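Dropping a structure here in structure tokens format, bear with me for questions.
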Amino acid sequence: MPDPSKHTDPAGPAGLPGLAGPVGMNVDFAGVHLKNPVLVASGTFGYGSELSQEVDLNALGGVITKGISLRPRPGNPPPRIVETPSGMLNAIGLQNVGLEAFLNEKLPYLRRFDTRVIVNIFGESVDEYRAVASGLAGVAGVDALEVNVSCPNVKSGGIEFGTDVAQLKGLVSVLKGSTDKPLIVKLSPNVGRIADFARAAEDAGADGISLINTVIGMSIDPRTRRPRLANGTGGLSGPAIRPIAVRMVWEAARAVKIPVLGMGGILTADDALEFFLAGASAVAVGTATFVNPRAAPDLVEGLSRFVARENLPHISRLVGGVITGNA
Amino acid sequence: MPDPSKHTDPAGPAGLPGLAGPVGMNVDFAGVHLKNPVLVASGTFGYGSELSQEVDLNALGGVITKGISLRPRPGNPPPRIVETPSGMLNAIGLQNVGLEAFLNEKLPYLRRFDTRVIVNIFGESVDEYRAVASGLAGVAGVDALEVNVSCPNVKSGGIEFGTDVAQLKGLVSVLKGSTDKPLIVKLSPNVGRIADFARAAEDAGADGISLINTVIGMSIDPRTRRPRLANGTGGLSGPAIRPIAVRMVWEAARAVKIPVLGMGGILTADDALEFFLAGASAVAVGTATFVNPRAAPDLVEGLSRFVARENLPHISRLVGGVITGNA
Amino acid sequence: MRTHRAKIRERRDRTGPYRSLVLDAPALAEAARPGQFVMVRVSETTDPLLRRPFSLFRADGPAGTADILFRIMGRGTSMLDLLRAGDAIDVVGPLGRPFPSLPGQEIVLVGGGVGIPPLFFYAETLRRLEPARTVHVIMGGRTDGDLVVREEFERLGTLVQASTDDGSAGHAGVVTDLLQPFLGPARAILACGPAPMLRAVSEMAARSNTPCWVSVEERMACGLGVCMGCAVPVRSDHGPSYRLACTDGPVFEAREVLW
Amino acid sequence: MRTHRAKIRERRDRTGPYRSLVLDAPALAEAARPGQFVMVRVSETTDPLLRRPFSLFRADGPAGTADILFRIMGRGTSMLDLLRAGDAIDVVGPLGRPFPSLPGQEIVLVGGGVGIPPLFFYAETLRRLEPARTVHVIMGGRTDGDLVVREEFERLGTLVQASTDDGSAGHAGVVTDLLQPFLGPARAILACGPAPMLRAVSEMAARSNTPCWVSVEERMACGLGVCMGCAVPVRSDHGPSYRLACTDGPVFEAREVLW
């Protein structure tokens, strides 16, 4: 059973200036005070400015940026996306502006809002990860780092950091020493036992974990006989993977004491509630934003309504509350 | 690249009495001559007699039975199924009539048809698996065994045979010594690197592999706060998982020389073609039968039409034919 | 072959959230027996993926029509509600075991909400075959809109009593409040409705030695006996076990079912 | 706010598999510029999941209407084809950068199939602002049904030439066969259609120093610049790189694009 005390601090953050959210929705996640437990997932909300006409960032618990690497990356050739039943595959190839341009051109915009900024980072070697983390250390306006470990370790033969417990531990330990920011480790679902990876992240010093990243998939066009993505394989996201995500959040949350950020196919408040009950202290909206640009703020409203309707003193009361067995 | 010679024998089986299928569709799979490469997946077609009004079994390459254990099993309490986006979760709990009743009451019916019968087997210990395999050894009308390894090894702490390379190898070696039938090992998708498990099965003597079994998932009802399945978690099947299945078939087929039976979310001929191109020599139809009871025979027709339209000498020409890179 | 592409001949708004459809499906209409059901595909896409089970509400062999009556519950039934006369739907059936034919006995039909349609089919069929047989109907629901096809039952000449939770029509309470006078070995109960209702009816029947059959609802993936998804806990010679709602049922002898 | 719930005011069958919809969407109609597009949700379920991009085909600010014209291609467009006047759809837009306004020059619009609608919007807008400007239209398709809105272009007073692959209407061949007489620095080409056509047009424009803009089609998940799915390979100061069709485009200077 998850330790409820780790998930939130109902009394605390409501008192912080500028962080008052709707009653009972504020959450302390891995040392980051969120006005509500709804974030937007990395890679599905750009750098935060693109949807300014549709989404008031002040309404969100936080924004997780597109993954940032040390240098800019051009990404993969098109086609980069293909629709699948109730989901989509993407092979963006981690296109991003690079650390420097992020700090100079993207972060200042995000800092104008009363929301938390979590920077998603990645690299192709431990050194590159460390360089990005160091480059963000002490930077005002960056509230936490989310480490995307679904990236092949080029130096050690291309095995993903996130699919090897030892590599994951090593990476997280190094990063923990390179930053003053809370460290959220984003787990890959492409593993056998997710609990092992959750524990490895915790043991190595992670302040929180997030999951799930996309599930590796492939789609082939029988007419051209080619993969529908130029890259061959891609990452599956969207409602199709929600049952997998809920199960993994449930398994991971029971294995660790650090808080869990749940995501994977969330469209509506009902979907998000599955993640809270499974043990997530906060949730992120990903692919849903493509379908409904206002998916994240709509989710905040939907969850507030649920909390009110069920007369819950605080949304944290749901965390890990799934009733299994015949209780 | 898969070895095309392993996948089929275009000249051979067409000459066998009673096995002539539509031109260019017959396949030699792991030593089993199939009149066409379309089977029905274990657990989705009962024991073969239930759909006699809708499906002429003579039209199918083969029938894979519901998983059989040594003794009858009652299965899990309801609810056992729940719909998810483009998929479903099931937790049937491997309900089955047991080996003896299968031999006496179910097999005789199947033997009346000109189709191949593959018996799906499982157990909770190596001994139990062996007992089922031995009980089927030499039985006329049983053309091959498919080993469901997604079953916890009760004796060794409940880890699934199919998610631990060493356990998988051990199990397959033992079974190889207990039966004269071709052995098809059905891989679990709930692992990190599927290629490792494919190779382990091959090394231990498997004649073929089949994949994917269902992906573990969970669904929670926010109103009751209980899992929607009485069992808590269940297996995800249907179109939602197809991109995962195609990717895993592609990875597994490149790793082994033995043939691959592909399944996971196949509804139509276009879906099945993805599996052939990814490296499968034959395919199985699962959840689709629930949506369209005639899904399997319709698939045979759809594939025949494709082979004819594309002027292919034989469907095996597609196997592993996905073009990756810029060729 | 139990798969049919059926044209909708007529669509009707019933009370409250209830709708009925008359389907052009001669083979289905010919074969259908009261208590059997059909699996209806509500969408041609993969979401929702699975078919939905509905009891047959009527069947007219000579006319070649089979009817269903449904309540708008969730996504699937909302999509069905969009269909209009002239549209075609994909139906599998008839499936499952029908209610028993019970020669001679007075029949007591006990139904709640979406459990009412198969009882109407039973009553109508019996009226045609044996116009003189006494048929009692006890129907219940949350509110008066749930007393669907009450008038049709009355027009058939059955003796109808009704209850509603909110007292908006009939007795304020539940159907079992009305059942007592109809118990006894000379009558036979056929019941269909929510599980708590069926359990209560079964218990009253058992105590009073009234023969009783219930039609149960369980989540179904295939409706055909191949997925083993629709397990119903039952008493058997070797202790508790499961039977399949779709092929062993949906109609079971009440004393067989473990509630 | 670029999200709109738009009522369909009118639906029209066009030639062959083409259809058009007039949408009640005042804010969209007011903001729309030729070359921009909308993302349309074709289903309320999760299959198909993603919105589909369609160019704006017309917009009438005062009337509060915006139109799209589409070809039935696959599942999404087949679902759109089921909609009727009175139904409402969920639309995001206007999105992307419009075609440039090109004061003074003779305009040459080159379009193929589903590339024609945004060119019509351009021509209509220009006619309103500058009735005297010379506008040439070269349209192509596989067969005569693909020469959609040809008559509307003629009614606008533009000078239309057409080609079809099968020779069923106009010149038997491709649009570039007709383009030669219209090249040169004094004119400007705006092109929209399949990639091979755009590449050929771009090359002819480059060789002849004709200013040229192309509107490209790329698979889009969001249309909003947040998924980075719609990469278009372009020349840049630091060598080849990618720009986003949805926010940097869909209209690009032809010489920028790497085919």
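First chain written, first letter: the chains are A, B, C and D, and each begins at residue 1.
Please note the rule applied: contacts are C-beta pairs under 8 Å (C-beta built on N, C-alpha and C of every residue); 3 or more make two chains touch, one makes a residue touch a chain.
The structure displayed is predicted, hence computed values, not measured ones.
Engineer: What chains do subunit B and subunit D have as common neighbours?
Structural biologist: Touches both subunit B and subunit D: A, C.
Engineer: Could you tell me which chain lies farthest from subunit B when each chain's centre is the average position of its Cα atoms?
Structural biologist: Using the mean of the C-alpha atoms as each chain's centre, the farthest one from subunit B is D.
Engineer: Per the centroid of Cα atoms for each chain, what is the distance between subunit A and subunit C, given in Å?
Structural biologist: It comes to 47 Å between the two C-alpha centres.
Engineer: List the centre-to-centre spacing of subunit C and subunit D in whole Å, with centres computed as mean CA coordinates.
Structural biologist: So the centroids are 54 Å from each other.
Engineer: Please tell me the distance, in whole Å, between the geometric centres of subunit B and subunit C computed from their C-alpha atoms.
Structural biologist: 37
Engineer: Enumerate the residues of subunit A that touch no fewer than two other chains.
Structural biologist: 85-87, 238-240
Engineer: Residues of subunit C that contact two or more other chains, please.
Structural biologist: Within subunit C, residues 46-48 contact more than one other chain.
Engineer: Specify the contact topology among the chains shown, as one of line, ring, star, complete or other.
Structural biologist: Contact map by chain: complete.
Engineer: Touching subunit B in the complex: which residues of subunit D?
Structural biologist: 46-47
Engineer: Considering the complex alone, what residue numbers of subunit D touch subunit A?
Structural biologist: Residues 1-3, 41, 46-51, 92, 218-222, 224-233, 240-242, 247 of subunit D touch subunit A in their complex.
Engineer: Quick check: in the complex, which residue numbers of subunit B touch subunit A?
Structural biologist: Touching subunit A: residues 84-87, 89, 163, 190-193, 215-220, 222, 224-227, 232-233, 236, 238-244, 246-247, 250, 265, 270, 273-274, 277-278, 306, 321-324 of subunit B.
Engineer: What residues on subunit A touch subunit C, complex-wise?
Structural biologist: Residues in contact with subunit C: 85-86, 239.
Engineer: In the complex of these two chains, what residues of subunit C are touching subunit D?
Structural biologist: 43, 45-48, 75
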